[in-house]
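Working notes for the structure below.
The first chain written gets the first letter, and so on, giving A, B and C; residue counts start at 1 in each chain.
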Amino acid sequence: MSIDTINTEPATSPADARTRNVLIVGVGGQGVIMISKVLALLCQTQGLQVKQSEVHGMAKRGGVVFSHVRFGPEVWSPTIPMGEADVLIAMEWAEGVRWLPFLRPDTGVFIADTQQVIPPFACRNREFFATPAYATETTAEIIGQVSDGFALDAGRMAEELGNARAANTILLGTLSASLDFPLQEWLSVLSQFVPKGTEEINRQAFLLGREWVEKTREEPDGAVALAPAPAQPEARPKIDVRLEITREWCKSCDICVKLCPERCLELDEQQIVRLKDPDACTGCRICEWLCPDFAIAVHHESRDAATESGKTA
Amino acid sequence: MTATLQNLHGNHACAMGAIAAGCRFFAGYPITPSSEIAERMSRELPLVGGTFVQMEDEIASIAAVLGASSGGIKSMTATSGPGFSLKQENIGLAAMAEIPCVIANVMRGGPSTGMPTRPSQGDIMQARWGSHGDRPVIALAPASVKEIYDQTIRAFNLSERYRMPVVLLFDQVVSHLLEPVELADRSSLQLVERQWAKGPSAEFEPFARTADGVPPMPRPGDGLRTHTTGLTHGEDGFPSQDPEVATRVTQRLLDKIEHGRADIEAYECHDTDDAEILVVACGISARAARAAVRQARAKGIAAGLFRPITLWPFPEEALKAALGKAKAILVPEMNAGQLVLEIERICGHDLAVEGLNRIDGQAIAPAEISQRIEELAGK
Amino acid sequence: MNEMNSGGFEIRDYLRLDLMPHFMCPGCGHGIALRALLWAVHELGIEKDNLAIVSGIGCSGRVGAYIDANTYHVTHGRPLAFATGLKLARPDLEVIVITGDGDCLAIGGNHLIHACRRNLDITCLMLNNEVYGMTGGQVSPTTAETRLTTTTPSGNSEPAFDACKLAEATGAGLVGREVTMQTPALRNLIKKGLEYKGFSFLEVMSDCTEIYGRKNDLGESAEMVLAQKSDMRPEAYSTITEQPFRPNRLVTGILASNDRPEYGATYRDQAAALRGDDNGEA
């Protein structure tokens, strides 16, 4: 098939023979690689040259994963230069925001799942009221910055469809609406990649994503209106932590002392638990949950309302 | 009072009696020769808003019955010898935790699988001593289809009144008998309903020592959140190993029987006033004995019949009263000698007590009994 | 629910305080499981008056007595059978069975498989500490191979049951497993079990520190719960790698769920149709 037959409107400019760039980003476990493999195989079946370059070194659940897919009559470099991605598809909201500089500023299509996966390094402050360092940009802000933008809660859509794991296929469907390959070819390649027995739900998920984009394109601002805003981390009131220890119930099993992440508990001279380092206690409740004898109760008390001073043992 | 005359199979009479008594839960496991009780209950119970369930085994059946009864529903199960053996531990729980329930045991030849389709009276002692430990026991042994119906109703009444398991001992002859039965109008039945504890109350003791020895029972959902256990427990329901508590609470369980004897004991006396030869028999053996006594009387022998309907507690004083002029006692039974042990205990030191036993799966014929009566009378 | 927020859950509201402290050994995981259960009950707003706890014999059997509810401590192995009668007679009650590996899988095994098959609306919480603790530490159906117990002085040579696979194969509506160390996850699992209309079988990996842990040099409770946690793989991972069953490396999470008719409702509907009632619950 000639490249001429691919109508890229309105997703990309109609420069026929040039290499098309799709950047797929997300975190481990979401299916980034699956999307890029479907796309790469599809391009091959359409007679195009394809280069795919992926990094999934952190592809344990939650680690960053990205995949560059470049296709055209002739493709040389495997990676997409900054500002040259025709489509940026993000399976995780903050990853989408982070990779935005790779998108063509004038014509690039941005598709993002509003799902948030907050990475562990954003939660280093273990105080109860600490908020994780996560992207603060709103959906409207980002969609406003790009030429053609879509934000959707694919996880919820997939869940409503009956299988939360089909979220990546919904996103693949949204991608298909911006690349003008025939629908049947998409579905045929897709069916080779999904686990046995899930062909039908994945087909439905694909069509759901595709139709969602098509419908959204008809309504100006629809993309933003339809997408739920990414939930902002909950604003937590500042609190004081108070440990209530029922000495008569403690059996000195030591489980709280050993498993406290802050190492702020100890057994006293009577082998009963005691809060050794009140300042270190974050009120995480692990001691409360794991005490088999219910001897520890963790109370979170509003700092404003607190009449007693701080933590007591 | 209106009544309907019906031809009823003994096991069906048990089911109909249970329904009339207000039984609304049956859990059972198929076993010959009792299965007709389960079959009839499976048809009748849904029609009156009750529940039938065939459980996975005999033990599950009695356990489910205890669960349903704890929920506040009159409940029963039915079985035969091997199944009765399997149920013993949970019958003990019913006695200990004071959960009312009725267990119909259609006795068959034993030991072990024995003779499933042949009659026996081999579980008289199992009914008394089958479960470990000292526990109160009520066992009733009807001798006709009509009596199966009446005694099933009575079994529920006693079970609800005294908060304890009640065993119905049928022999296979009576339970598979088809006889015309006059069923009383339901409105004329005297039914006993369980006394329910009123809640909520902080001082409530589920196993308190009440005047009649039977504490009102807490029902789940009524606001009294109590503990029920098979462990020896104090009046508060919680386990205790205090010797004083253990004596007190175990004794109260046994005293329920002693206090209720007059109400619990049922028996029939035929020609006992002047009887020199007294026959003591229950179930189908008593029917044969009745004919034998009549034959003996025709021959001029002063014979009489004492028929306990309540086997446990044995109507001891009534038997003593019936001894009158008795010189010898004959105890015909379809076992190697079980009921006779109790008769010997009660009057063996004054009188000759003889057994007449069959362990061949055959009912005892009147002629066998009358022949022994004649031998005892010296004729 | 924010895990950091107790959501107004005060365990004391659900305990019989007169009986505390409870009689379990120091470090026994059954207490942690009890907390998770009561936490789930609290979050679902189940009334204590309508809560019926049925338990059998063994350490697990003694847990129920500490709950301020309608509690039944019945014969060894029979809590599921007792609960079947209770639930059929009183569908309005929330019936929870607390049982153990010996109570549920050995002496009560027959009742488990039939409760799974029947699918009556009961939640069965099996506290698996891999040993008969109350009787002094004998081998149980879930004791791992090579472990020392008082009746396997040379190490256990019998293979262990995978109770969840058993429950799934016999048709339980909902099957799940969790370790005590993941207390909020355990609470969530129990909530799902309680919400499921049908029979749910939940296996809680508990630790017997005093007897089993000491005999096998597994450390104290902290070491034992940590080892359990690291021995478990969340269900999400297991589907990726599809490893064959190994008793010492089990899978946690919801392991099976079937949309099957609940037995009690089916029976009542059938009975109502026989009577000609319109309302199945009449």
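Here is the rule we use: a residue touches a chain if its C-beta (ideal position, glycine included) is under 8 Å from a C-beta of that chain, and two chains touch if they have at least 3 such contacts.
This structure is a prediction, so every number in the text was calculated from the model and none was measured.
A.B. asks: Specify the chain with the shortest distance from its C-alpha centroid to the centroid of every protein C-alpha atom present.
C.D. replies: C
A.B. asks: Just grab the chain with the largest centre-to-centre distance to subunit C, centres being mean Cα coordinates.
C.D. replies: For subunit C, the chain whose C-alpha mean is farthest off is B.
A.B. asks: Just curious, how far off is subunit C from subunit B if you go by their C-alpha centres, in Å?
C.D. replies: 38
A.B. asks: When the C-alpha atoms of subunit A and subunit C are each averaged to a single point, how far apart are the two points in Å?
C.D. replies: For subunit A versus subunit C, the centre distance works out to 34 Å.
A.B. asks: Taking each chain's centre as the mean of its CA atoms, how far is subunit A from subunit B in angstrom?
C.D. replies: So the centroids are 70 Å from each other.
A.B. asks: If we count contacts the way the header does, which residues on subunit C are in touch with subunit B in the complex?
C.D. replies: That would be residues 16, 19, 48-50, 52, 54, 65, 68-75, 77-78, 81-90, 92-93, 110-111, 113-114, 267, 270-271, 274-275, 282 of subunit C.
A.B. asks: Report the residues of subunit A in contact with subunit C in the complex, numbered from low to high.
C.D. replies: 128, 234, 248-249, 251-255, 257-259, 283-285, 289-295, 297-298, 300
A.B. asks: Going by the contact rule at the top, pick out the subunit C residues touching subunit A in the complex.
C.D. replies: 2-6, 10-12, 15, 20-22, 24-32, 35, 180-181, 183-184, 209, 220-223, 225-226
A.B. asks: For the complex, which residues does subunit B have touching subunit C?
C.D. replies: Touching subunit C from subunit B are residues 24-25, 27, 45-47, 49, 51, 53, 55-57, 59-61, 63-73, 75, 89-90, 93, 218, 220-223, 225-231, 238-239.
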